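Pasting the structures here.
Below, chain A partners chain B and then partners chain C, in two separate complexes.
Take a look at the complex of A and B:
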């Protein structure tokens, strides 16, 4: 019988969502065009070619190497793209993803990515077109709610603050605004104004966000209510403590 | 059993803590309603800062134009909100003021709030305060502004005897 990864223990909706994020089996909720994505990322002008740091691998003549023969380069590496980043911030108020689960999603489902997991933000560095593929996937699917998550390259402050009156996560640079029920980006990732507004989609309702979140919260699904998760966390802690204990 | 600070007849402090960060229109309504209540000695508005320029990163120096950085008129005084209102701390004279404030909050803040009693605005000078302002500083201004800043930029006086004259 073929092995099927289980990803995460637990019987609650939060555990189920965590399994979805890790496996990449997430629902697509919205569309964002390539040009719109390029605009909000702000690394190059939309419609332009990818700048490169080296010639395509096929033209370079690679040295003989068994590993290079086994591992197929990613499209970005093949073309010699620059390394660029995308950085997400997710609110603690029932945002669908958390930095850890964005990193799990990136590491398990994408090649050639370097996720950085921090307490309030999550950054992924990769070749430009590989990074865009990941950013598009995470923005278009249920991993992102435009009101509770946002792209913030700098000045990420806001994830742990109360939401604004309109239910949008606070952003001191106001990169996105709520217009006619949709979240619209008016600045790029780092806060530079953009020429064309980008529609990032409709925010999730409070109930939907509570249903799709990967965050255990006392006012939603409490961590202690998931006995299987608690059992496995205890097991991991116990075993790593015993393993680390090396008497002479 | 201990008594709360509001039982002894002395001024005491409370904090209004809305469940959401308050937009300028709501903040204006709330501050105006609060300014009409008698018995408030001093108040302090706190919240995340709204800079006028991007402070760091590749866009450093660009203008922010935050929609919540607005001028609000409280009574006859024009105040520029350089923060998004997150909490309001007040020193009040008696328990009745707290009841009136609760009524105002119930009307203006439909998304919920908490009112807490405690010590939120300092009553004694710190060493920095003393070094900056000396022994003769007005105790009413204590804790309302940063020792490094100018008080007229951060403190607004409403309903004073001079204003009424």
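Take a look at the complex of A and C:
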């Protein structure tokens, strides 16, 4: 019988959504063009070549190495791209993703990525074109609501703050605004004004966000109600504790 | 357990978030509202920020070099895009500006650290034995009183045996003194009251008996060098300064020769053989002397704080005062400044001692424990529940779920603790301290700390930050290990314990876990009875019975510190 990863315990919609994020089996909800993505990321001008830090691997004459023979380089590594980042902020008011599940999605489904997980933001560093592939995936799918999630390189606070009156997550630098029912980016990740506005998509309704979210909340899916998850945490805790006390 | 209790944070969060402060336009709304209008008023909404802005402008004009300018923030977008709100010091009704809880802006915080760093405890018994057996000099209560009078002249910087000598000005060192304490009631009766820390008077009867039993009939000096000295030098200076003046005072008080070989014996016995520093020396890679914050064990911190002797029947209160003191010293000063050089740790550390959010969680836990475990969170030893992983799991889980739900039900609580590591520390401090209170076992409390971290991370899908989470992911494995360099009884761990050396935001909570285990049992001390007695002294400028209130007084600019230089600088 073929092994089927279970990814995550739990019987609730939150647990199911966590399994979806981890497996990468998520619904595509919108599209963002390559140029628009490049614009909001702010690492280079749209349409320009990827800056590189070394020549393409094929031209470098790599040393003999069994690991290099086993591991196929990512497209970005092959081309010699520099390492760049994408950083998401997700509101605790039912944004679809949470930092750890963005990291799990990246680690399980993408190669050559270096996720960093914080409470208010989640960063992935990778070769630039590899990073863009991941960023595009997460932005275009149900992992992201444009009103409750946003790209923020710096000055990131917002995940835990009350929402604005229009239901958009607070951003000190107002990188995005709600215009005619759509979230529009007017600044790039680090808050530099951009020449052309970028349509990031339509906000999820409150009901849809509650349905797609991966955060437990007492006013939606209470953590207490998912006893299997708590039991699993207890098991991890107990095993780590006992092993440290008596490792043999 | 039904969650129908009135929240301890409710009143203060309502004032903080639904009343106008300065001109922040925060009037109205409810603390359960999930949406709000952001006025983006910048720094001008806040009186303290305005004062700072004006000062920055005046300084720039005076010195011809720019300085503080809030418009330098984010390329011209100043702080205050959301409302700038004051905070309440937990356990009090003192409302303060959050800037005033930075230790630079708070004289009480500075003095708390000064009072610890400038303190050493020095034993007298070996010196007395040397005097009697080696030199044949009789030691009596009268000679001890005379010696103490001499030392209280010499310790601040007065000469005793020299003919021509520079001295310090008494008005600059008026906070410097020595007192003694002893477990020998007969000797204590003979010591002049001005020199005595009277264990029987300062501690409840049962605690006094514990302390006297612990120290026996030994006698110790609680010595505090001048604040101005410790601020100019370092913690390592404290024992040296004391040793020098102690040596001179023995020579003077007992009429000794300042050169004979026997004095060398006395010097070692009196100055070095029985010295207790508040903090241990750190290894060379961190390069700190004794009596610096990184060497102060959690047990010592629990003993420095004195709430346990003035409010022993409320062990949760004792615990919360240790949280406040520990967060300030370990996070704001040690990790925040000594180790990282940053300024922002204040925002981080104050979460645990402002606005009653942690207090609410811990007192909820006390009720939960007392209901379920038959009063185990009350002071006592016979009422404790036997520590087991099942008990740890039960208390830590209930405490954590309750705390998480508060953040979900009260968006202003979540906004007040806007960083995940603030929330993680508060939740784990509650879970760990509660488990300590119930079991009387600090390592059980520590175990609950780690389970809380795991539960929190899974519940909200986030915890602190890379460096924060790391220790909490691996910490459970060394909770119960006593193998060298892998584990220790919790009271003996400290900021330099291998896994905790860069454990930002945790250490005040760890100190509280140590305190809770012993306050819960009604113990007179957590680790070191000498330290507990040494700080039972109203003459110290900082009131160690109420650290949080003192921080509030500092923030309100009501605290009078020591070590001021007004006497020797031009009048303004």
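Assorted remarks:
Assume the second predicted complex is superposed on the first by the 246 of 248 C-alpha atoms of A that agree within 3 Å, B and C clash if a C-alpha of one lies under 4 Å from a C-alpha of the other, contacts with A are read in each partner's own complex, and residues count from 1 in each chain.
Simple rule for what comes next: contacts are C-beta pairs under 8 Å (C-beta built on N, C-alpha and C of every residue); 3 or more make two chains touch, one makes a residue touch a chain.
Computed from a prediction, not measured in an experiment: that's the story for all the values here.
In the three-chain model built by superposing on chain A, chain B clashes with chain C.
In the superposition on chain A, contact of A:116 is made with chain C only, not with chain B.
After overlaying the two complexes on the shared chain, residue contacts for A:45 are found with neither chain B nor chain C.
Contact with chain B, but none with chain C, is seen for A:153 once the two complexes are overlaid on the shared chain. Applying the stated contact rule after C-alpha superposition, one finds that A:191 touches each of chain B and chain C. When the two complexes are overlaid on their common chain A, residue A:164 makes contact with chain B and with chain C alike. Of the two partner chains placed around the shared chain by superposition, chain B is the only one that A:177 touches, whereas chain C remains out of contact. Looking at the shared chain after the overlay, A:240 reaches chain C, while chain B stays out of its contact range. Clashing C-alpha atoms between chain C and chain B turn up only in stretch 38-46, chosen from 2-10, 38-46, 200-208 or 452-460, once the structures are aligned on chain A. When both complexes are aligned on chain A by C-alpha atoms, chain A residues 155, 157, 161-165, 167, 170, 172-173, 191 touch chain B in the first and chain C in the second. Put simply, chain B touches chain A in their complex at residues 18-23, 26, 48-51, 54-59, 62, 64-68, 84, 86, 111. Within the complex formed with chain C, the residues of chain A that make contact are 18, 92-93, 97-101, 116-120, 155, 157, 159-165, 167, 170, 172-173, 191, 214-219, 222-224, 229-230, 233-234, 236-238, 240-241, 243-245. Of all residues in chain C, only 33-38, 74-75, 77, 81-82, 389, 393, 397, 401, 404-405, 407-409, 411-412, 414-415, 417-421, 423-424, 447, 450-451, 454-455, 457-466, 469, 474, 476-481, 486-487 touch chain A in the complex they form. By the touch rule above, chain A contacts chain B in their complex via residues 153-155, 157-158, 161-167, 170, 172-174, 177, 187, 190-193.
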